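There are structures below to look over.
Shared chain: subunit A. Partners: subunit B in the first complex, subunit C in the second.
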Partner chain A sequence: MIQKKNHGDLRIVLEVWRQNGPGAPGAFEEHEVMANEHMSFLELLDVLNEQLVESGKEPFVFEHDCREGICGSCAMTIDGKPHGPRDRTTACQLHMREYRNGDRVRVEPWRANAFPVVKDLMTDRSAFDRIQQAGGYVSINTGSAPDAHAIPVNKENADMAFDAAACIGCGACVAACPNASAMLFTSAKLSQYTLLPQGQPERDQRALAMVDQMDAEGFGNCTNHYECEAACPKGISVTNIARMNREYARATLRRRN
Partner chain B sequence: MTIADSPNSSPRLDSKVPGGPMDERWSRHKFDLKLVNPSNRRKFDVIVVGTGLAGGSAAATLAEMGYNVKSFCIHDSPRRAHSIAAQGGINAAKNYKGDGDSVHRLFYDTVKGGDYRSRESNVHRLAEVSVDIIDQCVAQGVPFAREYGGLLDNRSFGGAQVSRTFYARGQTGQQLLLGAYGAMNRMIHAGRIDSYTKREMVDLVVVNGVARGIIVRNLVTGEYERHAAHAVLMCTGGYGNAFFLSTNAKNSNVTAAWRAHKRGAFFANPCYTQIHPTCIPRSGDYQSKLTLMSESLRNDGRVWVPEKEGDPRAPQDIPESERDYYLERKYPSFGNLVPRDVASRNAKTVCDQGRGVGPTGEAVYLDFGDAIRRDGKDAIAARYGNLFEMYERITGDNPYEVPMRIFPAVHYTMGGLWVDYNLESTIPGLFVLGEANFSDHGANRLGASALMQGLADGYFVIPATIASHLAGRQLEAVSTNDDAFKEAEAKARERAEKLLACNGNRSVDSLHRELGNTVWNYCGMERTAEGLQEGIAKVRDLRAEFWSNVKVNGDPNHVNQDLEKAGRVADFMEFAEVMFNDALVRDESCGGHFRAEHQTEEGEARRDDENFAHVSAWEFTEEQKLPTEHREQLTFEEVKLTTRSYK
Partner chain C sequence: MNSFIRFLNSSIGRKYVMAVTGLSLTLFLLVHMAGNLTIYAGNEAFNEYADLLESNPLLPLAEAGLLGLFVVHVLFAVLLTGKNKTSRTDRYQANLGMGAKTVASTTMWITGPVLLVFLIIHIWDFRISKELMKEYDLAQMVVDRLRHPVGFMIYSGAIAMVGLHMWHAFQSAFQTLGVAHPRYRALIQNTGRLITVLLVAGFGGIPFYLFFTG
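After this line comes the complex of A and B, so read on.
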């Protein structure tokens, strides 16, 4: 029997995904938690886990760290929406004032072949790292940089580059996409460098390498549903995907061999 | 003779600070250091633990130079290290605004801001390389804020009277970290860095007195792994989570540093903790962490509390004449922009007087009413929109209409493992970078200087100083089958088994929370000898309770976040006692360390330079025994010791 802690009068029935590993079968488990409106959604899961631990049961595994919406660790689909019901909000920044007494809430991991479940709500997102490793950088050794003011950048471009660079790498775009496409993620990084003078020397090579790696990881293609933009907690725009397509086409045409 | 070879310093603490004029020391030292020939670098393996600004920049740079780097992090990706959460900015003495900034001024401000408890030579080096950091990051494509002319924008930040802070909206940390992560990725792709994610360092391996490897636990499979190298760099951040509630990420911990401490690395100034004044107050006992609101808010927000104790009125119903803008009143020249330690302590004072606001009485107002009337809502939204949004999400209040409520929270720790000028700890071959070391911020860190220090250590200091070890010492071959590796792994396994075997009644979190309360109440913003002694007794009792009554469920051979937490909390329980002792022995007030016995009539910190202008570095002796204190005398040649005044 699970000892319930009473943190308020908001009764929430949680259905949380339990799965022991990538190949193991999974299922939803139902639990009740008493919450209050100031609690964050992850604190709700903390309370649930504490109840489970004290009752001798295994707590649910979920990734989290900064709990300020910037590290990109937390990753869960809440009632069918990556990161839950509130726009531009990571799961860690979602608060229980979005819910009413008696609500049933379903929590599950990102669903995508390229993000296999590690345990419960935790998935393996290392595919994102490999896409970045393929070319998501400017090749410059430490110590060889010119003075920062030697490279002026048009403010409009600088702002657009920043907007793209705001991606936190959480994977919500993939989870939201019916094709589990990683094009929003990949295009955001690519756009940051395409828009800046620093990114020009490696422009073609970067576009080809990152897109090829993205495909190799088994992510699907973009068919313009725009679910990614809607789910993105940082509001990364789908115009980045259009830019990536142009960049890829341009690089392909310019390819010398 | 080096400067710090003063008779008052412990012979175990040779700071290796070079002599000569302050502004020539770093270049002279670099020239004097041995070099590792480029073609020999591939013969050296370097372990870098942690992938924040310090670890990420060090791993990338050492790999570019030709060393074989193995990088470790506890996250699923190097990009998630807690440096990512830094909001405000990074200082550099570029003087792009032409407002009289210089390397010397940044150096001076940082030594003063640290309340004269840092090592002058280290701080000067930090100020010198600050300018190179900006160049490096811009070349990497870090999207700093720019002006319409295309040049970089700067702002004044954290009480600085010049505009030297570079920023990328409210996410400077993320953008700088992604720069370092990109540099790492390039080296991973080139096969120069082996990246090990989801690995937690659980012990340091010392062979013949030299750090030669680490033991890590694979957080996915539960397996223990042994890794050998010629040098180990620890870039593992601070110990703020000893308080349970802090602005640190939930997984930030002291374990790697504490394990190294128990292998012989001295822990310096653990009582220096920074309590940041602008955080969102706690709302209940389920609270898991506190959220920082960027200090930049104090540029336009006015801090106040009601004149009267226990005033029940809503803020908008309290007339101007009955509000106490206490920072502006007490510090007319700095006003709301006084340094963090001063702002935090004053918030505590007014709350202790019963004038705190909000449901808990532990909050003060940060009011944008005047700024909105003066500059318009749009201008304020452009500056702070994302912060206002975040505040509203968390509290449900709209700060455009009602004043924010803020309260101080633990944010950064200035103490850390003791290092010399080369960033080498008291264990040869073990280097400590970034927040994990103690060296640059003294007793109080200024805003926008943590990012600066992390990147200075990783991009520019360690690449030069590591040669002192690699080229300067005979390093025999070691194997991970050596006894030292076997012993360290066995010990780590045994500890985890002991935790799983306890099978008590209390969750790890409930014990951590209790520890945090004790540390906050007795070793927080205000400390007394009596309280510290009481706190030590409580910490000891709690440690006993932990080991007899903790409950850790689940499989040790799979992801087990409870087991991870339990190991970290066990270390915090031991660490806290050293922190208390350090605070007790430091019988003066300085920076973030405020001893109630030592204050001026106006309630300001009273330093005792005659007896305490030193670093206290603690040596581990044996389990359950008090550590031994060693001292490094601090000498001030450039900056005159004065009372820090912001009036």
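After this line comes the complex of A and C, so read on.
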């Protein structure tokens, strides 16, 4: 059957990482997919998976949820760049109009020992959850909602806290870091509380607990390349890392035990 | 566990040690470089300066402090780099890169050990060997060393390594210490670059001057 080529159609050669489980040997598998420039990158993978299912083969496992750039589920390194070539864009918001007909694209999982591969492109990122559980919370009185503006917050701090809170926990910072360090993530999660009055009661305890958990998970140490900031789909700044360093030193000096 | 020990066992604590010792060593290099410049005023001026230093009764103390700084800087570099190199054992197949890292930042773990090897040669050349001599003319030792093609190559190469190491190190140390207010970011970066250029020109000029005028 001759298929008529529609306007905006692209032929993409995908090399996708196939790995059966943690520690199993993996390899790239090459597939040709017809894409349309309006598709997102995840939709391209959907098309590929449909092709595979139709021909009786196993589809690739990849994570996805909201597909609108805010959940942090999609995690894949596209041609050596976490989330692909477009700045401040998650893989789900990356559209095929970034590519040209005949392009060859390599897709592999996040690679870090603290993020073991579950299958194909899916990694276990629960290390992030454990860092968050160690100190990423505030003590609040539950019950009726407090009055708005009952606690005064400096505008500059509110803005910085909001910027830090924009972190979606996708792990692109770890994936992009030459040392697989989680300092951008941890510092963003720490900063969003440290900058606000509600975060003060646990301030020291939080810095110590989150950094200690981060170290225990086996992430590398930051050597200030700032690749994380460049890879972050939310543009989280490395000034958060500097803040975390200060906070950790301050908490060490103030600790009683 | 003692909180200080806990700090030194943490990623951030170890980075603090690297930053503090690194900045101290930078300060030392600037003083060392300024002293070296006396060789442009002739061998006598250089020897007079060396005498002045050597006759100071506090010199052994300063030397011990300096040795301590180097040992701690190297030791913590080994600890930190060891963990960094084992945090990703399954490597990427494609070239990983967002374009933020530099040649200087990615070669710190290479320029560091190379400088350590150079340091051992350098200390042998001008510190240990003179202990074995009854009489010595330090300026003449420097001139002989740097006019020899091998000596010239080692010393000018090492200074290039210092430049590469320092290009990344200065701003990196401030970021680690938590001094990274956006208003001072450019100032810190430019100060680091200026110090790097000063060190390379100050130290590096001497082998070139001696080798090509000799």
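Following the convention adopted for this analysis, the second predicted complex is superposed on the first by the 242 of 257 C-alpha atoms of A that agree within 3 Å, B and C clash if a C-alpha of one lies under 4 Å from a C-alpha of the other, contacts with A are read in each partner's own complex, and residues count from 1 in each chain.
Everything below uses one rule, namely that a residue touches a chain if its C-beta (ideal position, glycine included) is under 8 Å from a C-beta of that chain, and two chains touch if they have at least 3 such contacts.
As the structure is a prediction and not an experimental result, all values here were calculated from the model.
A.B. asks: Just to be sure I read the superposition right, which of the two partners does A:N179 touch: subunit B = first, subunit C = second, or both, or neither?
C.D. replies: Only subunit C is touched by A:N179; subunit B is not.
A.B. asks: Touch test for A:R106: subunit B only (first), subunit C only (second), both, or neither?
C.D. replies: Second partner only, subunit C.
A.B. asks: So in the superposed three-chain picture, is A:K119 touching just subunit B, just subunit C, both, or none of them (first/second/both/neither)?
C.D. replies: First partner only.
A.B. asks: Which partner does A:V47 contact after superposing on A: first (subunit B), second (subunit C), both, neither?
C.D. replies: In the superposed model, A:V47 contacts subunit B only, not subunit C.
A.B. asks: Touching A:G143 in the superposition: subunit B (first), subunit C (second), both, neither?
C.D. replies: The first partner, subunit B, only.
A.B. asks: Who does A:Q205 touch here: subunit B (first), subunit C (second), both, or neither?
C.D. replies: So A:Q205 meets neither subunit B nor subunit C here.
A.B. asks: State which residues of subunit A lie in both footprints, the one left by subunit B and the one left by subunit C.
C.D. replies: none
A.B. asks: Touching residues of subunit C toward subunit A in the complex: what are they?
C.D. replies: Its residues touching subunit A are 3-4, 6-7, 10-16, 80, 83-84, 86-102, 105-106, 108, 168, 171-172, 175-182.
A.B. asks: In their complex, what parts of subunit A are in touch with subunit C?
C.D. replies: These residues of subunit A touch subunit C: 17, 26, 28, 77, 79-82, 106, 108, 111-114, 117, 176, 178-181, 183, 211-212, 214-215, 218-227, 229-231, 238-239, 241-249, 252, 255, 257.
A.B. asks: What does subunit B use to touch subunit A in their complex?
C.D. replies: That would be residues 57, 60-61, 64, 75-80, 82, 84-85, 94, 96, 132, 134-141, 143-152, 168-169, 171, 173-175, 178, 181-183, 185-186, 188-189, 195, 197, 220, 249-251, 283-289, 291-292, 390, 393-396, 459-460, 463, 505-510, 551-555, 558-559, 561-562 of subunit B.
A.B. asks: Write out the stretch or stretches of subunit A touching subunit B in their complex.
C.D. replies: 5, 7-8, 20-21, 36-40, 42-43, 46-47, 50, 52-54, 56-59, 61, 63-73, 86, 89, 93-95, 97, 118-119, 122, 124-126, 128-129, 132-149, 151-155, 158-159, 161-162, 165-166, 168-169, 192-193, 196, 198-199
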